[in-house]
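Next come two complexes built around chain A: one with chain B, the other with chain C.
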Partner chain A sequence: MPREIDPTINEKSFILDALNQKLRIDGRDLDSFRELELNFGDDYGLADVQLGKTRVLARVSAEVVKPFTDRPFDGIFTITTELGPMASPAFEPGRQTEQEVLLSRLIEKAIRRSNALDTESLCIVAGQKCWQIRADVHFLSHDGALVDASCIAVVAALQHFRRPDVSVEGEKVTIHTMTERIPVPLSILHVPICVTFSFYLDGEVCLVDATLQEEQLRQGDMTITLNKFGELCQIAKAGGLAINGLNLLRCAKIALVKVGEIAATVQRRLEEDAAARVRRDNLLESKADNERA
Partner chain B sequence: MECVTCGATFRGLRLCHSNPTHDTSHNRPSSHLHKPSSLPSTSHSFLKKLENVPLRNPLTRRPPHRRPSYVEHGNTKVICSVNGPIEPRAASARNSERATVTVDVCFAAFSGTDRKKRGKSDKRVLEMQSALSRTFATTLLTTLHPRSEVHISLHILSQDGSILATCVNAATLALVDAGVPMSDYVTACTVASYTNPDESGEPLLDMSSAEEMDLPGITLATVGRSDKISLLQLETKVRLERLEGMLAVGIDGCGKIRQLLDGVIREHGNKMARMGAL
Partner chain C sequence: MSLVVQVRFPGETLPPLEDEKKNTTFKVGPGLTHISPSTLIVSRAGELNIDQRKHTIWMESNSKRYVASQNDAIIATVLRSTADSYICAIPSSNSPVPSASQAVLPHLAFPQATKKTRPVLHQGSVVYARISLANKHIDPELECYDADSGKSEGFGELKGGFVFGVSLGMARRLLGDAKKTRLLRVRERKAEAGRKGEEYQDVGVDMSSGREVLEELGESLSFELAVGRNGRIWVHSGDPKTTLCVMRCIQQSEFLTGKEQRQLVKEALKALG
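What follows is the complex of A and B.
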């Protein structure tokens, strides 16, 4: 089984010594994220998130399916994650490792179970037809904070996505193409953002957005998911170093600030992309070789 | 049972160690209880004990690592046996610096309201196993037994909320009895946040499964008498301001459970000493 190369003893003592003096080797503050870069594709629903050297791509797609029999009024929303060798040579294709299960459970709890996407709005004909929204997360490069990056990618892609408009007349359902009618955005109820904390030196030091090397050296970790309204969606601290309750509360308060910043960045990028899209569409319509109406 | 500081109460809590009996499972007629095939022999003899089988030879004791513990939180019932430190069964569990902690969680098919078999690859089960093994890996003094494995096997016999918390308590009890060196008890409980329409409300200690369905709640585990939290899980949406109150009640609750566990362990130790088993 391939493994990530452990940091050398020199690297380890250097990083930990630096942390003891409240310094990180990339010069960041203890509670600051790396530069977040968020780009959208030409199609709707493609988000590319870069957090330092970590890069995650999320693709949202929709198709019409039959709803589950026990939930006839709900659409279906699935998130799939797969850690492949593209992200890091330590990940094997095909086999589900413990890390992968935990990651997918975390994202699932953060986004799906917190009802970020209103599945009732995806119903077309009760019990017969509904939209299935599928978010595929691809990990392109792994340098720590995979959960944080993939959560941002999925919520950004969901907000960016537009599904074709549908009209229902009696039993007849028509799906209008993207050119025929303006496609509709999904109904997003809130935007959950994950913040992962790493604990060092018996809980003295707590880092936000650890790099891969810092992750390998940490004694414990905790992922908090919040939205900008101050609602906790999920907390996962599965073992690791035991931390004082007050420190945990302090982490939650830091997380709330970070979530506000990240949500604002995502919102700004979405608006910029929408503006660029309008400019491009106007340009296409005003071309001289277009057919005259 | 009432918590002194917050007044919150637990449901009926029962903790026990199995008696230091001789393993008689081979020469007994098969029991009428339906037993899933995956239950180890240790649990068989324990199930028989529940049927009031008289102790055969109280002075012979089974090796310490084969004695299961049994914990009830209301209707949630968990039996746990610890095996180890043993030679690692898989090469991947061998670490030259410390012992590895592996956990198996098995939901009995009859444990829930409807009979269903939960596979080993169920994501929820895998998540529980990893949370438990990481919780105990930091509390056990694993560096004392390098290149070995401590295997914790948990069987959920009946589910009624707070399953993870019950598992933590059962595992602590079994680990102490098995004599695996650990720095302190790890005890766990759940807390729900209940809000009245006028935004007031007290946190509720120890959720049942009906409460788990409707109320947001946390599962937390603390180490020893300190208020240090080693495990914290929240899966439903709740206001951030509510967290502080829930943590305070939870930490008190864990302290209370620690006292209960301590009582059971001391009583059991005294009994064993009286029987001459020590």
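What follows is the complex of A and C.
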């Protein structure tokens, strides 16, 4: 079975030594993210997030299905994540590791369970037809902070996605093609962003956006999910070093700042992409709210 | 560069070698496939190098994955110990996720080692070793002493410091290979001019060593350095700040000219204070 090599004794003691002096290997501050690069695909709903050498691709797609019988007024939203050998040779296809389960549950909780997507708006005919929105997350390269990167990718892809418009006349449902009617954006209630903290030296040092090497050496980690209004969606801490309340508060404060920055970047990139699309496809005329002379 | 570089692509067949002396045997290096009796086919894109003196021919190109070959000095990591040898990993430069091939380092492959006096290495130790045996189908074997003198000559466990990766081409350059190939080019041109009966004209070949970054760093900082041909570099100095400074300078200097490398180091040193 392919395995990642653990950091050597030299690397281990050096990294911890450097952290003790508040130095990181890549020269970042303890509480700073790597440069976030966010790109969108040619069609709607494809977001490519690069956080340093970590790279995650999220793809959102929609399909008309029958809703669950116990929830006839709700659409369906699923997120699938799979760690494959493309991200790292240590990941095997088809076999779920503990890391993978934790990761998918974290993202699920951060986005789906926090009601980021309004599933009621996905209903077409109650009990008969609804939209199923599916977000597929692909991990292309693994250098730490997979949770943070995939959360950004999914929320960006959801905001970028447009579903075909539908019209209902009695029992008859018409799905209009993208060219026939302007596709509709999803109704997003809020934008949750995850920030993962890694703890070292018995909680004295806490890092934001740890690289793979740093992740391998950490004593514990904690993920805080917030939206830009500062509403807390989850605090996830699966084992590891115990931290005190003061530290938790400090982390939450850092997270709030980081979430604001990331949400702003995502928003800016979305606007840039929309502007580029208008130029490319000459969409100005098709806007409903265009200025009339 | 003003020199004509022979760039070849995979699948090309090389023209028959021009021999200065008849009936010499050429050694075929990496990137070329030999099909008997005398056809050479390029199997890796890069520059073609022919050394007429040593009778060697090889392709030079940059890559990230290391393939073990005999007599290379490499930096390996100890994985575990068995009854008579250490099992080591040879990590390549491939970041962020290190891919590794395994190698065997016998307990007795240290200078003056006996069964009782062998050095004890733990899991995760870093060793600077020479590949004593490299075969396509079996794990390579390592040695921690110089083949000629039997002494350590710098090989052995590397204690303290930090290990990081660079591309294989960069590692070779830091070991001084770039200068060798450049000298080779000059020699080729001289030979060419000699054949045509012209006088050799210096065309201002870039004779920089490609490792100005180390020369410049060495002038003002004190540190130890070991470069492995597998694209791993070990740096040790008393102070993490210095070590990190050396590491960053080396990593950033890959695509810089000699002058730019010196400039980079000067700025880094200023920032270090």
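General observations
Quick note on the criterion: the second predicted complex is superposed on the first by the 281 of 293 C-alpha atoms of A that agree within 3 Å, B and C clash if a C-alpha of one lies under 4 Å from a C-alpha of the other, contacts with A are read in each partner's own complex, and residues count from 1 in each chain.
Everything that follows uses one rule, which is that a contact is a pair of C-beta atoms (placed from the backbone, for glycine too) under 8 Å apart; a residue touches a chain by one contact, two chains touch by 3 or more.
Since the structure is predicted, the reported quantities are computational estimates derived from the model, not experimental observations.
In the superposition on chain A, contact is made by A:L23 with chain C only, not with chain B. Looking at the shared chain after the overlay, A:E4 reaches chain C, while chain B stays out of its contact range. In the superposition on chain A, A:P89 contacts chain C only, with no contact to chain B. When the two complexes are overlaid on their common chain A, residue A:V278 makes contact with neither chain B nor chain C. Once the two complexes are laid over each other on the shared chain, residue contacts for A:K237 go to chain B alone; chain C is not touched. Common to the chain B and chain C interfaces on chain A is no residue. Here chain A touches chain B in the complex through residues 1, 96, 98, 101-102, 104-105, 109, 113-115, 203, 219-220, 222, 226, 230-245, 248-249, 252, 256, going by the rule given at the top.
Per the touch definition, chain A reaches chain C in the complex via residues 4-15, 17-18, 21, 23, 25, 27, 53-54, 87-90, 141-144, 211-213. If you check the complex, the residues on chain B that touch chain A are 92, 121, 123-124, 126-127, 130-139, 218, 222-223, 226-241, 243-244, 247-248, 251. Considering their complex, residues 77, 79, 89, 91, 95-100, 122, 124-126, 158-163, 234, 240-241, 243-244, 247-248 of chain C touch chain A.
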